[in-house]
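Naming follows writing order (A, B, C and D), and every chain is counted from residue 1.
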Amino acid sequence: MPDLTVKIGQLTLKNPVMPASGCFGYGEEYAPFFDLARLGAIVVKGTTAEPCAGNPPVRLAETPAGMLNAIGLQNPGVKAAKEKIRALENVGAPVIVNVAGHSVEQYRAVIAVLEEVEAAAAYEINISCPNVKAGGMAFGTDPAVVSALVKELRSLTDKTLIIKLSPNVTDIAGIAKAAEEGGADALSLINTLLGMAIDTHTKRPVLANLTGGLSGPAVKPVALRMVWQVTEAVNIPVIGMGGISSAQDAVEFLLAGATAVAIGAANFVNPTVCPETVQGIHRYLEEEGYSSVQEIVGLAKKEWQKTGDECGCVKK
Amino acid sequence: MPDLTVKIGQLTLKNPVMPASGCFGYGEEYAPFFDLARLGAIVVKGTTAEPCAGNPPVRLAETPAGMLNAIGLQNPGVKAAKEKIRALENVGAPVIVNVAGHSVEQYRAVIAVLEEVEAAAAYEINISCPNVKAGGMAFGTDPAVVSALVKELRSLTDKTLIIKLSPNVTDIAGIAKAAEEGGADALSLINTLLGMAIDTHTKRPVLANLTGGLSGPAVKPVALRMVWQVTEAVNIPVIGMGGISSAQDAVEFLLAGATAVAIGAANFVNPTVCPETVQGIHRYLEEEGYSSVQEIVGLAKKEWQKTGDECGCVKK
Amino acid sequence: MTKKMSLEIISHQQVGSQVRRLVLRGKTGARPGQFVQVAVGETHDPYLRRPISVHDCSEDSLTLLYRAAGRGTTLLSAKNAGDTVDIVGPLGNGFPHHKGPAVVVAGGIGAAPLYYLLRSLREAGQDVYFFYGARTKDELVMQKDYENLVSEYAEATDDGSAGYHGFVTELAQKAIAQREAHVFACGPEGMLRQVSAIAARYNRTCYVSLEARMACGVGACLGCVVPVGTSGEYKRVCVDGPVFAGREVFANA
Amino acid sequence: MTKKMSLEIISHQQVGSQVRRLVLRGKTGARPGQFVQVAVGETHDPYLRRPISVHDCSEDSLTLLYRAAGRGTTLLSAKNAGDTVDIVGPLGNGFPHHKGPAVVVAGGIGAAPLYYLLRSLREAGQDVYFFYGARTKDELVMQKDYENLVSEYAEATDDGSAGYHGFVTELAQKAIAQREAHVFACGPEGMLRQVSAIAARYNRTCYVSLEARMACGVGACLGCVVPVGTSGEYKRVCVDGPVFAGREVFANA
């Protein structure tokens, strides 16, 4: 029986698999398909200080091996979300609350309400949100802003603080280090890549919001690369995500250095993908003769010796 | 008979379709499949000052709806490449030479040789190459570096100067503006997204080079978004690429604002994709009642009125 | 109970120019107006499931009627009897039960879910007046099957190639005006909006079945929303619908 | 002439535990040792074509023998007689012509391209000594077909479940030592390296057919390279190979 438990901040998860925020509602939608207690954790939808209606439709577009979404943070606001989070109290898996905002005050307001809610075991801070003060550029694109935001939030809570990184940046490792310096307990990545779809019949963008977030198998190679780079750069655990659809995908992220994994869009395609992934990781560890999931975290780094340099003809 | 011609700098292309650099060798490999004169232009492999052996194998990995490559600029060096370019002189399509380097001197050296070669009608400068002086960070990630590099190259040539942008940046529009300010005649985008693959059996990265460039249909939504953003930001023509596999894909890029398109990995899957795309664009224009391809360049921008803001609940 | 199931194909026939009838073996307990999310292939491209209404359902079978138009449904159409199809369902609220006569209006492939509704209304002994419209004759499929279930049946085509020459809403208008009946409709949005407006005018309860692009189909992704009322609020087509009161989704109707 | 073609499947049979024999209708003019790039599906996933050797070729047919192991080949294996398969080919250099007797060594599915080679050597009246190895009996397929074409035939399995208990290179070693013959081999890299070394020791010309991950298959992408010689230079398996002189690719052999 391999040991599947992993630690993320103060949380001990019974296994390293959780749904990704925004892809699992508040859990109730997937309860008909399997016992939610089989999850390592439950990550709920991005929660804002005030209720948010979200973007107008069309909000979805299918893309090759993936999808675009432009939901736009639709959520009932933290006061209503609190009740839904409390309803998950005895579900048998810790609840991680994804927190969104367009200003530091908005993040602070969400945490202020949830500090009292015992069922909210950890915060996952979505820093891909457009920052109103910075003219709409996302919080997560500037290391100085990230570090300041994380410091501020760190001062507000003793709960596990996870910072969720945007992949739409030049230097993901730099952003990750800034979050670590700010006091994050863990990082999660990647959020969606910014994309677009155009309809050649109507000659208009498909999404009412123009752009949307790309996720699904298409983004897996980018996500895996970023998880590798970030786990090289920081000493806090990383929750890896982006295109995971099977246990094999999940194992790739663990080998690359992720301590746990989250599954997003794949839930839509296969509502039982999360428990199947737990089982599959279990089987992989058994077949390969490992006694715990921790043994394979980052293993590809140890196995790997770069045989060349970045380009065969660079002479540094 | 719709007019398919487009202008890129001083070049007038008979149609807006060309193969992407590195995906079409020096043309000869695809000559058995169709008459190369049917192409708007031929873009040849990245050329460096000295011969370059490239990266060790494994250089390729298949990914969902795409592929990773880590060829590493293998090419015979500009002196040998010159002969291959001359061999294309009478092929019936202008030749665009992709130029790569790890320092400003290296780019300069390539151009110095090619200035004498009439068959080299234009340069496409690949600024995704790791910059030795900047510790391996790519040239294309810093607007100041881009602008300085382009200025330098501009002073060396009167030929059409196309700058090829890396998508691995926070602010593609800012980089594009820097290239325009530096004196570029046109831009091409996107180069590949940096990605990685891990083999769960060997527990090692698949590519000997660790990371590779992701291309193919998987990246199309990201490419399309960047083409939209860049054509909003600059006044020079853009050659759009990234995941184009059909005329419909090509039309999406034109509608988004690209003046021409390039097709990369899809040549590997369908060696006649380029001429089929030319035909398909022709058919689209006829069916939709346009008399020239220029009429649809950027049309989606005109058709589109943003119905919301970036997030339904941002109050700026 | 909503489940993920792999069902064997009993038959898969072409019943119209682009329309296929897919009969699957299995007990789903689906109600009229519900739908299933169909996996059209085995790979990551196409990526998402396709929402398809329940055309009919029995103790041990589930029938779908769909138009093989785009990439995913075309891929689905290549499957043969004996192959299996992976579905998630039944999903959605379905049509509500109401006593008394019903006016049922179908536009094009929107007829698909109405067959099961007609059959259950018929079994409950209710009078049904059914109006079946399409752009052209070719798009009317399996007309006899519908006709056999109803008290009154009429067709309309935009081009006059079959039945009444004009919109099906014009036929429906008369029936709605004449009869004290509940109205049910499925078809293109423009048609549904009009049917809702007509029903409102005559003060009839009216239910429309909507379409929206879906990812999860179970209410989790918030991708399939429609605006309801006039407050700027959104509801999810997959779980709050696909059947809505006409007044709710066509506020100005 | 290298072309993109859509060929009809004449037959598609399982001939071993995971091995399928695919016969396509069409004139390709392929030579022994060449390969084709096969489109395994119709969508973007799997994305790349699969390189498969020409197992046999006639005026109006092309036969492939492949192991349905991974995602792409498994998808291919679902195609039936009457369906079409899209290929690009013939590609690669093929085996060179040499007069005189030949020692031919096959490892596992590496036997596939050697069948056509054996047939053409036989038709040219050349003596052929064929050694067929695999890990276990199950991986030896269509043995009779090979046996019928050659002067000497022997099998080897790593586990002793059929023929000689040991590596096929041990059988080949004796034959190469004894006979003044050219050597041809296809199979796992380790085996090819050894066969090259043995041939070098006895000063025989030796040709090996290599595998590499490919994208284009036509020499354009530079993805499929192998190091040649000792200079750090690379050659493309798809156009400079797949057949190489043993000495060239196993420099220290």
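In this section, a residue touches a chain if its C-beta (ideal position, glycine included) is under 8 Å from a C-beta of that chain, and two chains touch if they have at least 3 such contacts.
These numbers were taken from a predicted model, which means no experiment stands behind them.
Q: I need the common contact partners of chain C and chain D, sorted by label.
A: A, B
Q: Looking only at C-beta pairs that count as contacts, which pair of chains has more of them, A-D or B-D?
A: By number of C-beta pairs in contact, B-D is the larger.
Q: Of the other chains, whose C-alpha centre is the longest way from the centre of chain B?
A: Centroid comparison gives C as the farthest chain from chain B.
Q: Would you mind pulling out the distance in Å between where the CA atoms of chain A average out and where those of chain D do?
A: About 46 Å separates the centre of chain A from that of chain D.
Q: Averaged over CA atoms, how far is the centre of chain A from the centre of chain C? Could you give it in whole Å?
A: 37
Q: Go ahead and note the Å separation of the Cα centroids belonging to chain A and chain B.
A: 32
Q: Identify all positions of chain D at which a residue touches two or more other chains, and write them in rising order.
A: Only 44-46 qualify.
Q: Among the residues of chain B, which are close enough to touch at least two other chains?
A: Expected reply: 53-54, 56, 61, 63-66, 74, 216-218.
Q: Considering only which chains touch which, label the overall pattern as line, ring, star, complete or other.
A: complete
Q: Can you list the chain C residues touching chain A in their complex?
A: 1-4, 39, 44-49, 88, 212-227, 232-234, 239
Q: Note which residues of chain B are touching chain A in the complex, please.
A: Result: residues 48, 50-56, 61, 63-66, 68, 72-74, 102, 129-130, 132, 136, 141, 168-171, 193-198, 200, 202-205, 208-212, 214, 216-222, 224-225, 228, 243, 248, 251-252, 255-256, 284, 296, 299-300, 303-304, 306-308, 310-316 of chain B touch chain A.
Q: Using the touch rule from the top, collect the residues of chain B that touch chain C in their complex.
A: Residue positions touching the partner: 64-65, 217.
Q: Using the touch definition from the top, list the residues of chain C that touch chain D in their complex.
A: That would be residues 41-46, 71, 75 of chain C.
Q: Which residues, counting only chain B, touch chain D once they are in their complex?
A: Answer in residue numbers: 22-25, 29-30, 32-33, 45, 53-54, 56-67, 69, 71, 74, 216-218, 245, 265, 267-272.
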